[in-house]
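Here's the structure, in structure tokens; my notes come after.
By letter and in written order, the chains are A, B, C and D; residue numbering begins at 1 in each of them.
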Amino acid sequence: MDAKELIARRVAREVRPGSLVNLGIGLPSMVANFVPAGLGVFFQAENGVIGLGARPPEGMEDRHLTDAGGGFVTAVPGAASIDSAMSFGLIRGGHLDMTVLGGLQVDEAGHLANWKVPGKMVPGMGGAMDLVTGAARVIVAMQHAAKGQSKIVPKLTLPLTALRRVDLIVTDLAVIEPTDAGLVLREHAPGVTLDEIIAATEATLIIQGDVPEMMLI
Amino acid sequence: MKGALKPAAAAEMIPEGASLMIGGFMAVGSPERMIDAIVARGVGGLTIIANDTAMPGKGIGKLVSAGLVRHIIASHIGLNPETQAKMISGEITCELVPQGTLIERIRAGGMGLGGVLTPTGLGTEVEDGKQVVTVEGKRFLVETPLKADFALIGAWQADYVGNLSYMLTAHNFNPIIALAGRTVIAEADSIVPVGVIPPDAVKTPGVLVDHLLIRAS
Amino acid sequence: MDAKELIARRVAREVRPGSLVNLGIGLPSMVANFVPAGLGVFFQAENGVIGLGARPPEGMEDRHLTDAGGGFVTAVPGAASIDSAMSFGLIRGGHLDMTVLGGLQVDEAGHLANWKVPGKMVPGMGGAMDLVTGAARVIVAMQHAAKGQSKIVPKLTLPLTALRRVDLIVTDLAVIEPTDAGLVLREHAPGVTLDEIIAATEATLIIQGDVPEMMLI
Amino acid sequence: MKGALKPAAAAEMIPEGASLMIGGFMAVGSPERMIDAIVARGVGGLTIIANDTAMPGKGIGKLVSAGLVRHIIASHIGLNPETQAKMISGEITCELVPQGTLIERIRAGGMGLGGVLTPTGLGTEVEDGKQVVTVEGKRFLVETPLKADFALIGAWQADYVGNLSYMLTAHNFNPIIALAGRTVIAEADSIVPVGVIPPDAVKTPGVLVDHLLIRAS
């Protein structure tokens, strides 16, 4: 199992029955592959559909039905079309139960940076600031480190996405929960020791009692 | 009862330096024939207000590639490397706005509101230079209304009253920008006789639409 | 012809081809009876329909289709259903070409009072404040006097509806246009002399040259 | 997938003193069976947030007649003489709000906005005690968000995902209050199998709806 699949399988366990879930482009979108059918989960794509389904068979794509990355999708029974004002009204108004987003950095306050690297990458924040501000639960799904640099840092050096503390960080090494006291190490990935996690993490991690191994779907 | 214009005639109405709101999300729901006609006319110095700039060769990306764009107000430009390059070179200036804020600013402009108060962007770069208002003890950014000289709509069905309906994720910004353009031009996949679109299926009432494009040949 | 019909017939002449018109409850709603078919006018009822038609034949009423007074109506071909947010977005955003409202008082500044008689009648403003604030053209249709008291006064004694100056006043005696200089007497009703109008009007009227007789539909 | 409740069971959820947003415009689009069940239960001290209080014997008028209402936030109460009388006697307190402002306050509450800026009410009694913000040299009232413990919806079609569609002038406040109730209960003319309401016809996505009323027998 590669690192991305590991992360996606662990995040999938956070998805609650009957909930409305938004998945970001890239790694987060893989989560949908591991959420059991029959859980009654609806996926929202912020470009305008609630009840996003799998990619259609070849030849059955429709240019009016895509995900936020522009890829062809289907609509499940009970799906609803929404315009951008409704889409973001649902997001900002707390009607979205959970969002899974990629991250560039998370710090000890649980603050996320995921939209800009000054001087290098200025793609725009898209829906990220609204999602982090408004979703009932925010989960960051990302690699623990990039180019040998820890993405979990004492204090953000990249621009903040929103003042809201994210609820959970899932990486290829660990599951970490930001709390009032700081970043609590909740789980380790299979075959990864706590010392390896601590060594790979620039931020201080709080370790309370036993740290179990990640449970995956 | 509205007449329908050839794309070239519609493009003739747009002067150098005009501001255009254009529907679409990664070009899904964008008025492609209208955009092609603007590129063919070659009128420049445009301000584009839209969710994104799509990618080279698609939707708004065609206006960027043709060098007709001077200023962009959008939430995301990261999937169009030409927009990025022109922004870095200074050919295009860009105001990046959170997606949920952008659509509310357009709605406010179209609906006669002086603006909206949003928590999105608080504590981030987006707050810089903005008024902050406190309501019931909570701080909110004052986000001001946006209007444009033209709104260019991609619709699914139109009738000759100007009523429009949209399909699936091709709604996105279209129903909202239809409120905020001083002149509104709609390009539809099909034009049907008056009375065929059920009143409950109309998402943009004809009163908002100034011109239709004639059917594609 | 009674006074109300006279007023309605005169106001009907103000309706422009192809425009979107809102008619208040009571006297203003009579205007629709005198607007020529084929003018392409759409009537809006603020409770949620554009393209209001005549009362349906007995037995064909539908409880889902009423005007703002709760009376059964029909929908013309090309009608659109709208919710209250869109309805008032159109009104406040200037998309409504004209509204015809009843009045309790209009003063020399052209200010309207039409929603409250303190201590006597407190029905609420309903849509009146939005209509007067936002409609492109505001026409007051009312009797010139009530219980012998002029309703056209130097300064309102009843609560203001909106800061906006109304565009035209049509009564059973006269047509009066509020201007920067004050209330200009534009027309007299058939068989009514200027002296009679002046005697019946508490406010000062400006009379410039000939004052023609009202033209009615 | 939502279950459907008997009206009496739904009414059981509503405690003494609850705040209720109720759809309908002069009772058109009001959830009559739900209202009857509340009257039958007899729970009092209610705050009602709605466009109007209809008339005795219809819609919200039945709650007023039954003496269950303590406070009303509405745009118009003039067509219900009982509401007027109870307001004058002090049994009911009433906050009158311009209709376009009321619907925007509800939308703001439901969509996570801190409020909206509107020109409606400037210079009138409605301005009293309100914050005023200047945007681009123009003054606007700050109108604050509204939420309620319950939103009671009258819909046309529902499915068991909770998706709702509305018919003609029975839309009115319904699609907007569905965003702003902490618990949302929908009564529909019919309940259809999941997948029968086309995604583009859904005006209230099921995620917003907590409970449906069972079909009328």
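Keep in mind that, in the parts below, a residue touches a chain if its C-beta (ideal position, glycine included) is under 8 Å from a C-beta of that chain, and two chains touch if they have at least 3 such contacts.
If you're wondering where the values come from, they're calculated on a predicted model, not measured in any experiment.
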Set of chains adjacent to chain C and to chain D: B
Most distant chain from chain C by Cα centroid: A
Gap in Å, rounded to a whole number, between the CA centres of chain D and chain B: 32
Inter-centroid spacing, chain C versus chain B (mean Cα positions, whole Å): 35
Mean-CA-position distance for chain C and chain A (Å): 55
Sites on chain C at which at least two other chains make contact: 49, 75, 81-82, 88-89, 91-92, 133-134
Per-residue overlap in chain B, given as positions that touch at least 2 other chains: 104, 107, 112-113, 118-119, 166-168, 199-200
Set of all touching chain pairs, with the criterion as stated earlier: A-B, A-D, B-C, B-D, C-D
Contact set on chain B toward chain A in their complex: 25-29, 51-52, 74-79, 84, 87, 96, 98-101, 103-104, 107, 118-126, 156, 166-176, 203
Chain C to chain D touching residues, read off their complex: 45-49, 62-70, 75, 81-85, 88-89, 91-92, 116, 121-130, 133-134, 159-163
For the chain B and chain C complex, residues of the former touching the latter: 1, 107, 110-113, 159, 161, 163, 179, 194-195, 199-200, 202, 205-208
Of all residues in chain C, those that touch chain B in their complex: 18, 20, 40, 42, 49-51, 75, 77-82, 86, 88-95, 133-134
Residues of chain D defined as touching chain B within the complex: 104, 108, 112-119, 131, 133, 135-136, 138, 140, 142, 144-145, 165-168, 199-201
